[in-house]
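Letters are used for the chains, namely A, B, C, D, E, F, G and H, taken in the order the chains are written, and counting of residues starts over at 1 for each.
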Amino acid sequence: GYAQLDLTRGARCGAGEVVYGEGKTAEQVAGIVDALIAAGQRHVLVTRLSAEKFERARELMESDTPLEYHADARIAIAGGMPVQSGNGTIVVACAGTSDLPVAEEAALTAEFLGNRVERVCDVGVAGLHRLLAHADQLARAQVIVAVAGMEGALASVIGGLVSCPVIAVPTSVGYGANLGGLSALLSMLNSCASGVSVVNIDNGFGAGYQASLINHL
Amino acid sequence: GYAQLDLTRGARCGAGEVVYGEGKTAEQVAGIVDALIAAGQRHVLVTRLSAEKFERARELMESDTPLEYHADARIAIAGGMPVQSGNGTIVVACAGTSDLPVAEEAALTAEFLGNRVERVCDVGVAGLHRLLAHADQLARAQVIVAVAGMEGALASVIGGLVSCPVIAVPTSVGYGANLGGLSALLSMLNSCASGVSVVNIDNGFGAGYQASLINHL
Amino acid sequence: GYAQLDLTRGARCGAGEVVYGEGKTAEQVAGIVDALIAAGQRHVLVTRLSAEKFERARELMESDTPLEYHADARIAIAGGMPVQSGNGTIVVACAGTSDLPVAEEAALTAEFLGNRVERVCDVGVAGLHRLLAHADQLARAQVIVAVAGMEGALASVIGGLVSCPVIAVPTSVGYGANLGGLSALLSMLNSCASGVSVVNIDNGFGAGYQASLINHL
Amino acid sequence: GYAQLDLTRGARCGAGEVVYGEGKTAEQVAGIVDALIAAGQRHVLVTRLSAEKFERARELMESDTPLEYHADARIAIAGGMPVQSGNGTIVVACAGTSDLPVAEEAALTAEFLGNRVERVCDVGVAGLHRLLAHADQLARAQVIVAVAGMEGALASVIGGLVSCPVIAVPTSVGYGANLGGLSALLSMLNSCASGVSVVNIDNGFGAGYQASLINHL
Amino acid sequence: GYAQLDLTRGARCGAGEVVYGEGKTAEQVAGIVDALIAAGQRHVLVTRLSAEKFERARELMESDTPLEYHADARIAIAGGMPVQSGNGTIVVACAGTSDLPVAEEAALTAEFLGNRVERVCDVGVAGLHRLLAHADQLARAQVIVAVAGMEGALASVIGGLVSCPVIAVPTSVGYGANLGGLSALLSMLNSCASGVSVVNIDNGFGAGYQASLINHL
Amino acid sequence: GYAQLDLTRGARCGAGEVVYGEGKTAEQVAGIVDALIAAGQRHVLVTRLSAEKFERARELMESDTPLEYHADARIAIAGGMPVQSGNGTIVVACAGTSDLPVAEEAALTAEFLGNRVERVCDVGVAGLHRLLAHADQLARAQVIVAVAGMEGALASVIGGLVSCPVIAVPTSVGYGANLGGLSALLSMLNSCASGVSVVNIDNGFGAGYQASLINHL
Amino acid sequence: GYAQLDLTRGARCGAGEVVYGEGKTAEQVAGIVDALIAAGQRHVLVTRLSAEKFERARELMESDTPLEYHADARIAIAGGMPVQSGNGTIVVACAGTSDLPVAEEAALTAEFLGNRVERVCDVGVAGLHRLLAHADQLARAQVIVAVAGMEGALASVIGGLVSCPVIAVPTSVGYGANLGGLSALLSMLNSCASGVSVVNIDNGFGAGYQASLINHL
Amino acid sequence: GYAQLDLTRGARCGAGEVVYGEGKTAEQVAGIVDALIAAGQRHVLVTRLSAEKFERARELMESDTPLEYHADARIAIAGGMPVQSGNGTIVVACAGTSDLPVAEEAALTAEFLGNRVERVCDVGVAGLHRLLAHADQLARAQVIVAVAGMEGALASVIGGLVSCPVIAVPTSVGYGANLGGLSALLSMLNSCASGVSVVNIDNGFGAGYQASLINHL
C-alpha cells in the first residue's frame, strides 16, 4: 500500500528506480529493495540512509543480495556496482573538505550507473592554483560535476575553463548569509560562464544521475 | 576600454564569445560585433537586444557581415547560421503561448551552435494529452529543453517520460505568487524526476547552449 | 481560563470544535476533550498529538468516552467515527511514501466528518502511468485532495484530468530549495490547471475539512 | 503553431478552454477565440485583457459571435452568458473598494460558468458591523468567495461565521510590507478558521472557477 | 567586563534596566541582578529565563532580595511587584491557548511596571462571538495588547472596535506558511484598522513595556 | 455600491472615517467625501492622493466645503483643521531629507486629528550631534514619531533617549539591500531600545493616527 | 528646514558631507551645494544625479564654483578634484561592461577623495586569463574595489590572489534569480577568501569612500 | 585526499592558511594542523571548533607544538601568538553581552595575526552614553570592528563618529524578525554612515582578518 514501484523506469528512463531513504522506515526500505530485486532489478541504490536505518534494513531484508553501506555518502547499494558502460570520464570536483559528503554522493551515484569517475577535492577558488593544477584532467572530462557551498564560485570558474557540460551542485556548507545553501544556489544559477546547469542544494544524487545520462548518450 | 574580448573562448569552451545585449549601448554592441568579426569569428550571436538597438547597431557596424534580427527571441545574428554539427536532435518544449519568447531564444541559440532543433509548443500539464501526443518525438531526442512558467511542472513530467537529459528553463510568466519566476524555478530544482538540471529564470540562451554542448559530445 | 470553547461551532460552521494538539499540554488536551463531551459533543477530533501526550491525556481524561490514537496521522479521536453522511466519495491522492502522514491526516479528518474516503498512494508525476492507472477512480470522485511535496506538480496534473474541485496540500517533504514546503506551496498556487485551491503546508486537516464541507453541500 | 487548443476540456473538466489574455497579442486572442467558436464552443471567456487589446481583437475576429468587454474586470466574453445551471448562490465578498476589480473577475467568471452570483462590497474587518449586517445572506450561500488585500483577515472572519466552503483570494492591494499581496496570501493560508482554501494573488478567475465547480456538484 | 549596566535608564526612560536572560549564563544573570540591586534598583525583571537557569541564578545570587519565577512566561522577578501607578487598565487579549506564554510575558511585564492588567484569552476571530462578549471590557481599556499567531487577524478586528491604542504582538504559533511568525507580523503591519502598532514576533515584553509607557502618560 | 461608509467610526474609534486615495478614481474620492460631509462629518482627510486626482476630485465634489491639497504629503483635507485637543506635543523626527514626504504625512495627520506637532528634520544617526541638539525638545514630547529609511537606526537611538512612547515608521528610502524598506522595518522591529512600536513601511498616516490616540488618552 | 548640514563631518570623519542626489529636487541639490561652499567646503560631491537634475541644479546654483557632470557615473563635482593625498594606488576592477557605471562611481569617488585610481574592466571569471593578465597590477594595489553582478565570483577570486584588503561591490546586473543583486551580495558575503568586506548593492560610492579611508591611514 | 593545503597563502595573501573547524572531524583537524606545522607554518589558527573536538584533536596531533583552546571564541591556536606587527590599534566594540563570542572571535583572530587589540563591550545604542564614554578610544583606533545583533545600529553610530574604516559584523543574536541575523546584516549594508563595510553574519574571523590586513598596510 505504501509504495507503487515504478518497475518500468529502467526501460523508460535508462536507469531503474532509486530508493530515497529519508523519511522512510527501515521496514519500508527493506521492503522496497526486496520488491525491486524480486522484480528482477539486479543493482539497487538507496540514498540518504542513516547508518542505523541501514543496519536494521539489512537485517530485515529477505533477499540474498548483499547490501553494502558507504558512510561518507550515506548511500547503500544492493547487488554491487555494474560494469562500466559510459562513453568517457566524469570528474567530480569539490571546493572544500566539508563538501565531501555531497561530492561522494554524486560520485557513487555515477559509478553505480556505470560510469568511470575521477574525484578532485578541496580546489576552492580562494587558492586558484590548486584548481589550475588539474586543468588537463578537467579538459579530458566528458562531463564535470562541480560541488561547492559558501559562494559557490567554483562552478563559474570551471565553466570558463572547459568545453564540456558542467553540472553544478550547491551545498549547504557555510553559515549566516549562506541561507542554508541558497547563496551557492543563486550563484550557480547566475553563472556568467555558459554550459552550467544546476540541481538542488546538496543533491549529489541528481548531479551524478544527470552526468551519467550525458555520459551514456 | 569598456570590453576585453575573450577571443580564445572558441578553443577553450567549444563556442565563441557571445554578446549579451542588455545594458550595452548600440555603439558598444556594434563595436564588439565588429571586433569579433575582425578577429576572425565568422558567426556572432547577440542576445537580449531590443528592436531599436538592433536597428542602430546595424547602421553603426563597419563590417560587411550582415546582421539579422529575430524579433520573437530578441536575438541578432551576424554571419548567419553555421552548418549542423550536433549528434542528434534537440527538442525545445514549452508549456504555454506566453513562454514562446524564451523557448525561441533557446531554439535559436541551439541552431546557431550547429544543432538540429524541433519545437513543441503549448503542451502544459493542464492538458496532458497534448504532451503525450508527442511522446515518440520526445523519446527520439538527444536532449530536451523544457520551458515553463507558473508552476513549472512540465519539466518533471517530461523528466519522467524520457531517458535523455532534460534542461529545464523556468520563465517569469504568471503573476502574484509566481514571484517573477521563482515558483517555476523552485519547482524545477525540486523535481521528483531524475535527469533534470536547471538554468536561470528566462535563460533560454543558457539552456540552448548547455543542450548544444551535450549534443556535441 | 486557558480556553473558551466554541460550543456553537457545530451549528454555525457545520462541524464541532476540533482540538489542535500542538503547543498544548496533555492536561489542557484532556480538559478540553472532557469539556466538549460534557457539553454534548459526541465525537471529538484531536490533531497534531504526539504519542506521549496522547497516552497522558487518555489517563487524565475523566469522561468514559474512549480516546483512540492513529499514529501515522498523529490524530486522536474520542467517541469513534460517525455514520457516513456525505454525498459522494473523497479521493485522497499522494505523490510519495513520505507524504503519507499528511495524506492520512486528511483522510482521517474526512472520515471523522462523515465521508467515504478512498486513498491513492505514491502516484507522483515522475511515473505518470501510476496516476493514469487510477483515472476512472479520480473521475468518480466528488472532490479530490492532492498531497505532494518537492515540486508539488501532482495537483496540476490531477486538476487537468478531472471536473471536480481539487484541494491541494503542499507538504514539507524534500530538502534544500524546497524551503520547508514553500516550493510545493508556490507550485500549487500557480497551477496552470483551474479548479485547484490550496491549504497551508502539511495541513492535511484543513484539506480534509474543506473536502467534507464540499461533499456535504 | 503558437497554441494547441484543449478542445476536450469541456468534457474532461466541466468547462471549456478559457483564454488568458496577458502576454498574448490581439492577433493571437482573436485567432484563439475564432478557433474555439469554430470548434463549437458557444461561449468564450477571455481574462486579463486590456481595453486596447480588446478593441483590436474585436476588429480582427472573423466569427459573427459578438465579443463584449467588462472594463472593471478586464474580461471579454464572446457569445454572452449561458443559462444558470448551478445548485445555489455564490456570494463574492470583498474587503475594500480597491479590491473590486479582482472581485468582479471572480463574479463574472462564475456568472459565465452558469452561476447565480451576489456581490457584497467594502465589508473589511475594520468595521465589522458592515459584514455582520450581511450575516443572513452569507448563511444562505452555497459557496463564498472572499476577496481581500492588506492583512486579508476577511477570509478568517467569514470562515468562522458560515458552514459552506470559502474560497479566499488575496489581492495585491496595499503597500510596503504587503509585499505585493504576500501578506494577505499568508494570512489566508494560515487562517484559524477551517473551511478556507486559497488561490493565487489577484486570481479572481481561479476563485470563480473553483466556486462554480463546487456549486455544480 | 561582560556588561555595562545602564544605571540611568530609570531616570532617562522611565523604567530601570531589564535583564534579557537568553544567551546569558546563570552566572551572568545573577551578577547583573546583584549589581542592579546594589545600585539601588528595588525591583528587577529578567525575561526569557529557563527554569534551570533560574534555579542556578537564585543560588548564585548574593543579594537577600528574593527572586521569584513565573514559569508560564519564563520570567523571574526580584523584589516583587511595585505599587500600581498607571492611569487606567491594560487589557491583554490573546487569540488561542498556544499564545498564552507570550500574552503572559506581556501581562507580567506590565504589572511589573506598575499597571493594572486584565487578561482575555482564546478569543480568536474564528469564533467572533467570544471576542464580542468582551466588547465592554475592551471599550474601558486605556490600551490593549493583542497577541495572535497564525494569521494574526485579532489585532485588526480589535483595532476596528475600540478608540484606544492597540499594541499588536505577532506570535510564532502555527506551522508551514506561518514562517515562524512572519505571517502574523505582516498581517498586523498591514492592518486595515488604524491605531495599531506592532512589536517583534513573540515580544510580549516589548508590548507590555510600550503599553505601560502609554498608561503612565 | 462601491463603498459602505463606516459612519459610526468617530463614535467607535475616536476619529471619523478616513479616505485612502490610492486605487480609487477621482469620481469615487469625490463621492465619498461628499457622502461623509452629507452625513455630518465636518473634517475629512484623504491620503495618498495625486495632484491630478485631487484637481479632478475638487471639481467633481458637490459639497461647498473647500478641499485643500498638501503636495509634499499627498494629502487633501476638506473642512480645514479642527481645534487642538491633545494633551501634549507630538514630535515628528526624520532621518533624512528624502524621508520628508512620509514625515509630513504623519505630521499633517496628527494635526488633522487635533494635535500640536513639532517637526525635527534631517537628524540621522550618521551625525549624532544633530539629534542630540534636540534632546530637550524630545524630552518634552508626549509621544514621538521616528521616521527613517536605509538602516532605520534613528528609532533605536531616540528610544534610548526618552521616556515617552516612540512610534517608528520605516521608509522605502534607499536602494539595493534596503529591499524597498524592509531593512528599516526589520531594524525597528528588532530595536534594542524598549518603548518602540512600529507601523507599515511609508505609513506616515498610521503613525500620526496612533500618536494622536496616545496624545488624547 | 529640509536639511541640517553636517558641517563638522570633515573634521570628524575625514571627508566632508556628500550629497546623495536621489530623491532630492534640483532646488534642494543646488541649495545644499551652495550652503556647503558658503560654509567653506572647497570640493563637493553629488552622487546619483540624473542629467536633467544636474542641468537644472547648475542653473539654480548661486555660487561661482563650477559644477561638472560625469554622465557614466551619474556624479556631479563642484570645485574639481583635490590634489592626491593617498598612500598608494586603489585598483577598481569590474567583471563586465554592464558593471561600468557602478565601477565608475567608485573610481570617481576615490579620486574625489584624493586617491590615485587604476581601472581594470571586463575581467569576469568566465575568462580567467583576462584577470590573471593583471596579476602584477593587483599585487601592487594598496586596496582593491571588486565590482561584479550576476554570481559575483570576482571578489572571491581576487581575494585569493592578493594580500591587500578587497572591498566588494555587488551590482544589480543580471536577471531572474539574480534578485536585483542579492545573488552577488550573498556570494560576496560568503566568500571563501578572507580579506573581503562588502558594501550595499550598486554602492560604488561607499566602496570608493571605504577604500579611500584605508588608503589614507 | 580530503584536503589540498594552500601552502603559499602566507606569501600570496599575507597570512597563512586558517583551519575552519566546522564540518571537519577531529582527525581531519589534527591532520591538517600537523601538516601545516610540518610545512613550516609556526602558528596555526583553528576556528569554530567545539570543546570536544578540540580535546580529541589535541590527543591525535603528532606535532609537539602545543594547541590551546579559547572557549569563549571556540578557537584553538597552535604555536601561540606571534609578535605584534600592526601599525596601530584595532578596537573591537560590541553591542550586548550576547554578542561576546563573535566579538572574541574577531579579537583573537586579530591578535593571532599580530595586532594590538582593545575590547569595548556592551555599548549598544539603547544607552548611547556608554558608547560616547569611549569616544577618545574610538578616535585613536586604526580600524574598528563593530559587532551587533538585533537591529545592528551600532555600526552606523560608530561610523558617524570616527574617521577610520569600520568593519561591521552582524550577529544572529535576537529572535523573531531578526531572521537569524539578517536584520542586523541588512542594517549594516544600508548604513547611512560612510566608511562601513560588512562581513557575513557571526563572522568574527573575517572581520578580524580584514582589520588586520588594513592595520598592516
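One rule holds in what follows: a residue touches a chain if its C-beta (ideal position, glycine included) is under 8 Å from a C-beta of that chain, and two chains touch if they have at least 3 such contacts.
Fair warning: this is a prediction, and the values are worked out from it, not measured in the lab.
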- Message: Moving step by step between touching chains, how few steps can get you from chain B to chain G?
- Response: 1
- Query: For the interface formed by B-G, which of the candidate pairs B-C, B-D or A-G is equivalent, sharing more than half of the contact pairs by residue number?
  - Reply: B-D
- Note on the structure: Relative to chain D, the most remote chain by C-alpha centroid is chain H
- Note on the structure: Chain centres from averaged Cα atoms put chain C and chain E apart, in whole Å, by 35
- Query: Quick one: chain A and chain F, Cα centre-to-centre, how many Å?
  - Reply: 56
- Query: In whole angstrom, how far does the Cα centroid of chain F sit from the Cα centroid of chain H?
  - Reply: 43
- Message: Quick check on chain H: which residues sit in contact with 2+ other chains?
- Response: 96, 126-127, 159-161, 176-178, 182, 185, 189-190, 193-194, 200
- Message: How do the chains pair up in terms of touching? List each pair.
- Response: A-B, A-C, A-G, A-H, B-C, B-D, B-G, C-D, C-E, D-E, D-F, E-F, E-H, F-G, F-H, G-H
- chain H-touching residues of chain E, taken from the complex the two chains share: 1-4, 6, 8-9, 20, 22-24, 28, 170, 172, 180-182, 185, 200-203
- Residues of chain G defined as touching chain B within the complex: 96-98, 100, 119, 121-123, 126-127, 129-130, 173, 175-178
- Message: For a test of understanding, state which residues of chain F touch chain E in their complex under the given definition.
- Response: 12-15, 18, 87-88, 142-143, 159-165, 167, 185, 189-190, 193-200, 205-207, 209-210, 213-214, 217
- Item | chain E contact footprint on chain D (complex, rising order) | 95-96, 124-128, 150-153, 156-157, 159-161, 174, 176-179, 182-184, 186-194
